[in-house]
Every structure is written in C-alpha cells, then in structure tokens.
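Common to both upcoming complexes is subunit A, partnered first by subunit B, then by subunit C.
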Partner chain A sequence: MSVTKRNDAGAAPSVSLTDLFDEKSGTISPAIYADPQLYELELERVFSRSWLFIAHETHIPKAGDYLATYMAEDPVIAVRQKDGGVKVFLNQCRHRGMKICRTDGGNAKAFTCTYHGWAYDIGGNLVQVPLEQQSFACLDKKQWGARQARVDSYKGLIFATWNMDAPTLSDYLGDAKSYLDLILDRSEGGTEAIGGIVKWVIPCNWKFAAEQFCSDMYHGATSHMSPMMAASPDTLPGDPTDFSGRQFRASRGGHGTGFFVEGAEWLWRVGQAGEHVSGFDIAAAEQRTNLHRSGKRPVGFSQHMTVFPNFSIFAGANTARVWHPRGPGEIEVWAFGLVDKAASDAEKEQMRLMTLRTFSAAGTWEQDDGENWVEVQRVLRGHEARRTLFNAQMGAGAPRGEDPTFPETITNAFAEEAARGFYAHWQKLMTDVDGSFSKAGSYADAAE
Partner chain B sequence: MAFVRVCSEDEVAPGEALRTESAAGPVALFNVDGEFFAIEDTCSHGQWSLSDGYLTGDQIECTLHMAKFCVRTGKACSLPATKAVKVFPVQRQGCDVLIDFEDGHFAA
Partner chain C sequence: MPQNNSLQSATTDIVEMGRTITPALQQEIEQFLYHEAELLDDRKIAEWVDLMADDIHYFMPLRTTRGPRDRNLELSGAHDIAYFDESKASLQLRLRKLQTGTAWAEEPPSRTRHLVTNVRISTTAKADEYEVKSAFLLYRNRSERQTDIFAGERTDGLRRVDMPAGFKIFKRLILLDQATLEANNLSIFF
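Let's look at the complex of A and B:
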C-alpha cells in the first residue's frame, strides 16, 4: 500500500489514517465505520472530491422539473433548465442558510426562501430580495446566488461534484463504464426510472452497503437463503455457490461489480414469487454493448455494482440507490426502479413488482442485508470490537485480466478484490491532504 | 448383505443420534419416535457431522449452516445443501440395532 501524505494536524482521528486499510495483509480497521472524526474527514476528502449520483434524467424531464436530494449531508436541488441542461446547487439560502426548497420534487418557476423571502430562479441565481431598495446599501445579487456544483451525466445518470478540478465524469468512471453499460445500455433507448424514490433510514455506516454492492457475492448463499427457499416452494433450488462468475475491480476510482455468467438462470425466480415474468431480461435484450458482442453476458438475478463512493445498482432486481451518509452510524437509502425504456408497460410493471419484492424498503433480500449491516454497526459500539481487525483477504492474489471478454476481472464471483479496490481508493482520498490526488491529471495516471 | 450390530436400541433415545465409524466413512443413526434410520454423517454442504445436529421429525438440521436432510431418504430438504447423502439399511434384532455399511446408496 502506498500512501502519499500523512494525516494533517487539523483533524485528529483516534487512529492513524495509514493503518485503516492494509491491502497487503487484507485487513480493515473497523474504526472506519464508527469513528466520528473519520466521518468528518470523509465528508471533506471523499464526498466533496468525488462525483456523486444525483438523479436519473427521467426524474426531471421538463424545464423547471426539480428534485431535492443530497450530496452526502449537503442538501441540493437538481433542476432541468430551459436549454435542456441540468443545474445542481446547494439547497441553502445565501442569507441565513435556510433551505430554499422544502419539498421533495416537482416543477418550479422559482425557489423562494421561507425565512426572509430571498428568491432564486431555477438556475439558482438570486433574483429578488425583499426590502432590497430600502434596506441594503448595495447588494450585488450576482455574488449571492446558490452554490453551484459541477454537473455531468452518463447514459441517463446525472452526477455532480464540488471538485472543480475533478476529472470528467467519463474519466472518473473509467473502465467501469463498460460494466455500467451492461445495465444502462442493454436495450434500445437505454433506461428510465419508474415509480417514486423509496427512502428509508437504517443505523449503519454507508460503507457497509456501498462495499457489499461493490464486491460481495459471497454473502448471498448464507444471508439470502430464506428468500431463495421461499421462491422455490416445491423444489430445492440449485446451489448458488456452483455458479460461474466474474468480479471486476476498476483499475482506478474504487468502482466494482460482480456477476454470474453461467448457471444462475434459476435465480430469476427469486423475485417473482411464483408468477411468470416475461422474457424481457438481460438475456433477451439486444447484444448492444461491447461486452455483449462476444455472446457472453451476465445472466440471471446477479449483477451487483457500486460507483464509488455511494451509488449502487443491482441489475437483476432493477434497483438503483444512493447510500446518503448521516453520521458514522446511519444512512438514508434512496432507491428507485431502473427499467428498460423499450420494455412494454406490462413488462415494466413486472420489473417494478420484482424490485418491490426483493430490493426495496420491504423487499425480502433488502431486509436480509440491512439486518447484517445494522447488527455489525451495533457490535462496533464496543471499544474492543472497534479495534479488532476485519478480514478482507478473499481472492487475494487472483490474477486479473485472464478473460478478454470481461476486462479487469478475476474469474471468480466470490472474492473481495473489488472491496480491496474500494478501500484502496477510499484510503488514497482520506490521506490526500490538499486534494491533489482527486485532480484530473494525477487521477488519470494513478492506477490503484 | 452384512448387517453389523451398532448399539442397543436404548442407547439412542427418540430424537437422538449416534455417530459411528465404518469402512464407508462415518454414519449417523437416528431414532425417529422408535424407528431407526442411518445416513452418511457428513453434511454434503459444509463437511460437518449431521449426528451433531437437531432432529425434528424425520429431518436432521446441520448445526453450522442449517442445511436439512430427510433421514429416511438422505435427500437435501433445505439450502445451502443441494446434494443428497447416502442412506444405509437398518435392521432390528431383538434389542439390537444393525446397519449394513456395505449397502450405502442414494435413495431413488
């Protein structure tokens, strides 16, 4: 593990930043999930320097359509502009900091602060200040617009960052783009969001969720045994540990995914609860992406993926979500259904139901996962538990890149290679005092 | 056919199990309400001793990962196990329980 800079004196977490994750020994310090000072540092060095997911294009299709969401703890508003672009700005009045938008979403002509009445247009520009003539000597309203984030999008997904020196979103996603394409570009017209955004709060650190979606196929056979059994009431399902799959660790950026390529077809049953779901799935979709051209593709209810730091997708369950951090020990999960635009209405409805049954607030699989994350977090209230290292050695040393069809993968879905990539990138950000690692130039050079 | 005496019936109470070594590997003998059944003792999932498990009716649940097997047929009844274990013929002679270790087989 190479660390460029040590912790500065300003923040003084109770453990050394260079010892939090050790790639060589495959160990994680549990302090990273529980230490409040580390969390404060994460807000600065991880979240304010990375591209963060904001919304799907179809959440805000028309001019004035907006979504009030968050970039980590910072409330922001994403608004479709009249020129078709999207602006993302801090949902904070520049006068005394009240939210300038207090609803979840809709269509607006302007945003007026409910405290003293400062009013902003849909681009976040300050356009009207009550008593301006009478009581302000000279207020330059141009200087007092809402704080703007930098916005970019990839195949329907809108991201934003506070890091004006960050690489483009395309460079940031890097070689993870081809794996995102398996989901976003698997059929003509791409994807759309359906239904509302389902939101829930659970007491666990954001990294448990983000890391699991990045890397963890391993837990399935133990944690999700019950819904697998329930989906096959008459016969015993196949052995999920027999499936052949791949795991991808982004060459830089901390992104990761994993999926099965053979044997997993029966997993489709798990979300269907006995009903027949149409054939509109990955296998039936046109082979559009580079990874599909060879004829190989992920199959069944299988592809998990995290775009660093906190945006995750589970392809088979048609769910996309953000793990908004709320302190070291809590997250707000914001999840929505992601379906193929080209699917019929009946097919979209089946996908929606499948999402609700599996990965949603009341989804059977979701609750299995939440139970684990919340319980681990509770364990970490213990002083001794917080200083007892975790094992992240699974699949260490496995060669990457042996399968030309799936670049940068190891030929085993059951591994923690992507998790190690996630934490290696996280640690580089956390130890980067001046933010130089997150700048476009150094980013492109630094393989992890 | 080579039945071998394993124990007397009062050595294995109803709901209990007895592990015994044989040339065919370890075998678990179960008492299901006075009926005796024998299957391979090693769980087909996690290589653990089934005689150490919890017997409910005619199903034995492995103590490590909760895989279940029918002790009459050896068939897997619950994930994470998916492969059956062999069954062995059992005979009673008076108070003795005998197992034919040479005839371990997968039930049809």
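Let's look at the complex of A and C:
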C-alpha cells in the first residue's frame, strides 16, 4: 500500500488511514511500519501531540544538572532549575540551528553555542550574544530563547510535550496511572534511576517495540525460551497453561499493560531466571513491596507496560526505556534501571546486575527481541509483504473481568487487547487533521 | 601503569616494575590472546568460558560524550548500568543460553572475527600475574547481511596456570569506542 498526498492539503494522505488498522477484523496493514510518508505524519500527529518521556527525576537531581535527550527525532535538553523545577527545551540554537549542547549530560552553568557563541542560561534563555552592541541594531534576546516544551511529571517520571493544548499528564495517563503505580509506587519512597543509560540501535519500526511492551506476553514462551531453559535446564517451559493473568487496555490514550497474578507458573520462572543471574530474590522482594499496602495482590515483577507512544517498562527486570524513532525502519533504545528507593544497597546492586544481565543490549532476554524485529522489518522491504495483513485478533471479544482490584482488564495475560487499544489510539491521532482529538477537552469524551 | 618511552626492537627486553618482559613472554601472551580469539571465532564458547578464572570480573562499562567539567564521568561507574558486568556464574548462564538451541540471536550463529593487536604487557606485584592491554576490532556478520563492527581496548588480568593454555583471565575491562551501541544486541563476547 502506498500513501500519496493530496494535491490541495499538504500533509493529508489520500489513502484512507482508517484502512491501516481495522479493529473489527483485528488486522494491521504492515505499511504502518515501513511507509516513509506515514512516518513523517507520525512525527507531526503522534509524537508532537503526545506526552513523551524525558527522564527520571533522579537523573538530574541538582540545579544545573542536565540530560541531552530526544523527543522523537527532536534533540532536547532537560535541565534542573534553581527553583527545583525542570525545563525541557529544543537543543537548537536560534541563530543558525547548531546544537547548543553537544554532550550527553552533566552539570552546566550555561549552554554556549560553539558556532558563533550565543549563550543560553540553564533555563534556555538567550543571555549573551557576541558583538551584540557593535553588530546588531536591536536584538530582543527575550524573543530568541531556546524553544520550550511543556513539562509535567508523575511519580518521578518527567514527561514533556510540544502540544500546549494537551491535557495534563495526569489526565493523559488516565486509568493507566494505577497500573504505573504498581511499579512506581510499589514501595515506600517510590523509585530511583540506576546511573547510566544504555543506548543502542535496532533497525526496526518503533511500534514493534512499543506494541510488544504494551501487550505481548505471548512471545515470551517462544522468543525467550532460552534464558528460561538456561536458568532451569531440567524443566522446559512447555505450553503455557496457567492463564491467571490480566491484560489492561487503557480506556483512552493507547496505553497498555499485562501481568500474571500470584501463583502463576510463569511468574515463578521469570523470577527464577533473574535470581539465577543476580542472586536477587524476587519472591522476597515481591512480598516486601507495598502493593500489599494498597491491598493489591503482587504482580509487579511480571509486568510489561507501555505509556503511549514510546515509553515502556518491564518491571520484572527493573527496566524502563524510550524507543526513539529514527525513520520508519530504525529506533534508538534508551534504557535505564529503575529500582526501589527503599531497597538496601545490596538489593539495589542485585537489581542492577539483574537489569543489565536480562533486559539490556547484552541481556540474555532482550538479545532475542532485537533479532525478531530486525527480521520483521527486513521482510517489509517487500512490496507484497507490505500489503499482506497482520493478524491482531488474539483475545478479541474477551469480556472485561469483574476484578475490582484490576479495573479495565481481561482475565488473560495472553491477548492482544492492549495492542488493539494502542493501534486504535494511534489511528485516532493519525486521522486527526487539526489536532482537536489530542486537546485537553476531548479527553473528557467517551472512551476509544 | 609504568611507561617505557624508549623505542624497543623485537629482541630487546622491556623492563616493567623491575621485572622483564622478554620477547618470549610477549610472544607467549600474544599467542594466548590469539588462541582465545580463535575459540570465540570457532564458536567454542564452552572452552572460552573455561579460560576465565573463577574470580573473573568481565566488565564493559557504558561510554558517554562529556564536556570538560564532566570528563571524568565518560565511563559509567561500578554502580551504574554497564553493557557487561559478569561473574563466572553469569558467563556460564550465558553459555547455557547459547547451548539451548533456542537462543535466537545466535541461532543460527553469527560469523565473527576477533582481531587483537597493540598488545602491551605489564608485570604486577604478583609474579604470576600480568596486566595486558590490547586493541581489538571485532567484525560480526549474521543472517544474510547484518553486519556490526566494534573497535575498542581491553585491559586483561592474566594469571599463569598449569594448563595447556598457559593462563586464565581473571579480569577483563572492555572499552568500546562507541557511545550509542551500533548494533541491535550484544549476543557475542569481546
């Protein structure tokens, strides 16, 4: 399927975007992972209108601490301010567009452009211009600060958006918040980031990664069979018959998560693999974590989750990451470890080892995810492959459980209900010509 | 590390810490490194893991681009995330993963070529242990045309043992010359 542009309206493709995902039939057109014009449209309608993850609060604790990161393809700098707030601004000099920060992070007193020397303070305000008196008739420096994004945070996670009309981050996260809490609020004091961000390149579309973390417990038995076998060589995973899990599809916003509940054979296995590599006793940690505080059964360590569009967590390995899009066929993964503040130093060390040994560029689990996505993407070079529909029907029509502990879930962790929610929201954004759908008011509207 | 600034010919002994790096020792250690590289490239991973001492620390930190004020933070620290931070047990788990036949990132396996060069040896306070720096170029190709190239430096701790290989590795620090890893995974060893 090719996407051509209308003659009159600049960015609106003439192909019906509503054909690309069909919730009723549970089908996905693979063009959405490969088409360059759809990708350009995603940058505008998905990424520039959504809240995007920036950093954990503990990445930049002190005034002047900064992290150079990205909002989709746009480089930004996140800086801790003297008043304790965080500013996020475009890493682009207003003179001729040079990066005003060429390093990955640290502590800054100012950002001085290395092209002609314009200097910005840690708030992104233009404060110094070489030869200003001699050569500029009248330069209103206030007008020429770095372009500011809107910033908000939720329980330690800093997000930003270019959409000044977007709902608050809290409203944007909506009913997904209580599932984020399973991770962010599982123990007293919340979470902190382990130092260091692992960055690596996978030649695949960003949605393969984001959708998988949103919805796909299913692939574990096949893709990740080897680390489970390695951890417990005597017992093969076999056919997953224990379905005592849940999958959550956000009623609004495209977020999703899934997890097993207490006693699931799979949870035990994942835990055992982690314990084997790091000595980290997941069962003990799970007993200690404070979801028990809120009366919920332990789920945290099996939980995968995506906050739409491209921020994901896998609690089992204490990992959080952004899938930065780099064209239709490439992503940069930026992953960091997320540990309980209340954990002892020894426990944090065990969690650190578990994270890097399981879900990281060299992780014994994560290695095999990249392999899948790379091959899928390569197949999509084919013209016929791009027009051969994908099946996303798993768990269609499953009734919502009656479980008040886990609202809006179906009682099966092996499903694609959250994936359908992810694509339904993606499609709403992609077909929203004027951006009205992603405005604050429309978030009060009916569920998707 | 002690530096010896004079140019050395192949037949000249190098003095480190009062002890001598003879051409014979230089050759012996280089041959050990070539042997090790061959095991990896021949996919004899079990034999390669056997070259690791029981107290091996196999460590590959992250690297970042830093300004002058933060240049000391270029390498991730001991309590930060790393690409690899491995013990003998965790290397053995990685080996068992590869042996399952379902480790899809290496099944079918990659083709690799470990080139090892710039080998510089220092003696240590212990007579049977050496610190060995080397530069590496690691070529990896898999599937049809997926290709990765890694360059970097290794600093190894070698301990002389009574085994045919002659040494065991008890420390390996790997500095990769990349800040963003230009590969979809690290399912191979350095």
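Criterion: the second predicted complex is superposed on the first by the 385 of 448 C-alpha atoms of A that agree within 3 Å, B and C clash if a C-alpha of one lies under 4 Å from a C-alpha of the other, contacts with A are read in each partner's own complex, and residues count from 1 in each chain.
Methods note: contacts are C-beta pairs under 8 Å (C-beta built on N, C-alpha and C of every residue); 3 or more make two chains touch, one makes a residue touch a chain.
Note that the structure is a prediction, hence the values are computed from the model and not measured.
**Q** Which holds for A:Val129: it touches subunit B only (first), subunit C only (second), both, or neither?
**A** After superposition on chain A, A:Val129 lies in contact with neither partner.
**Q** Counting only touches as set out at the top, which of subunit B and subunit C does A:Met229 meet: first, second, both, neither?
**A** After superposition on chain A, A:Met229 lies in contact with both partners, subunit B and subunit C.
**Q** Is the number of subunit A residues in contact higher for subunit B or for subunit C?
**A** C
**Q** Could you say whether A:Ala221 touches subunit B, subunit C, both of them, or neither, answering first, second, both or neither?
**A** first
**Q** With the two complexes superposed on chain A, say which partner A:Thr364 touches: subunit B (first), subunit C (second), both, or neither.
**A** A:Thr364 sits against subunit C, while subunit B stays out of touch.
**Q** For subunit A, what residues appear in both contact lists, the one with subunit B and the one with subunit C?
**A** Looking at subunit A, the two contact sets intersect at 225, 229.
**Q** Okay, in this complex, where on subunit A does subunit B touch?
**A** The touching residues are 221-222, 225, 228-229, 236-241.
**Q** Which of the residues in subunit B end up touching subunit A in this complex?
**A** Contact set of subunit B toward subunit A: 65-66, 76-80, 82-83.
**Q** Which stretch or stretches of subunit C touch subunit A in the complex?
**A** Counting only subunit C, the residues touching subunit A are 60, 62, 64-67, 69-70, 73, 76-77, 79-86, 89-90, 93-94, 96-100, 102-106, 143-144, 146, 179-187.
**Q** What part of subunit A is in contact with subunit C in the complex they form?
**A** Residues of subunit A touching subunit C: 102-108, 194-204, 223, 225-227, 229-231, 233, 276-278, 332, 335-337, 348-349, 352-353, 355-357, 360-362, 364, 366-368, 370-375, 378.
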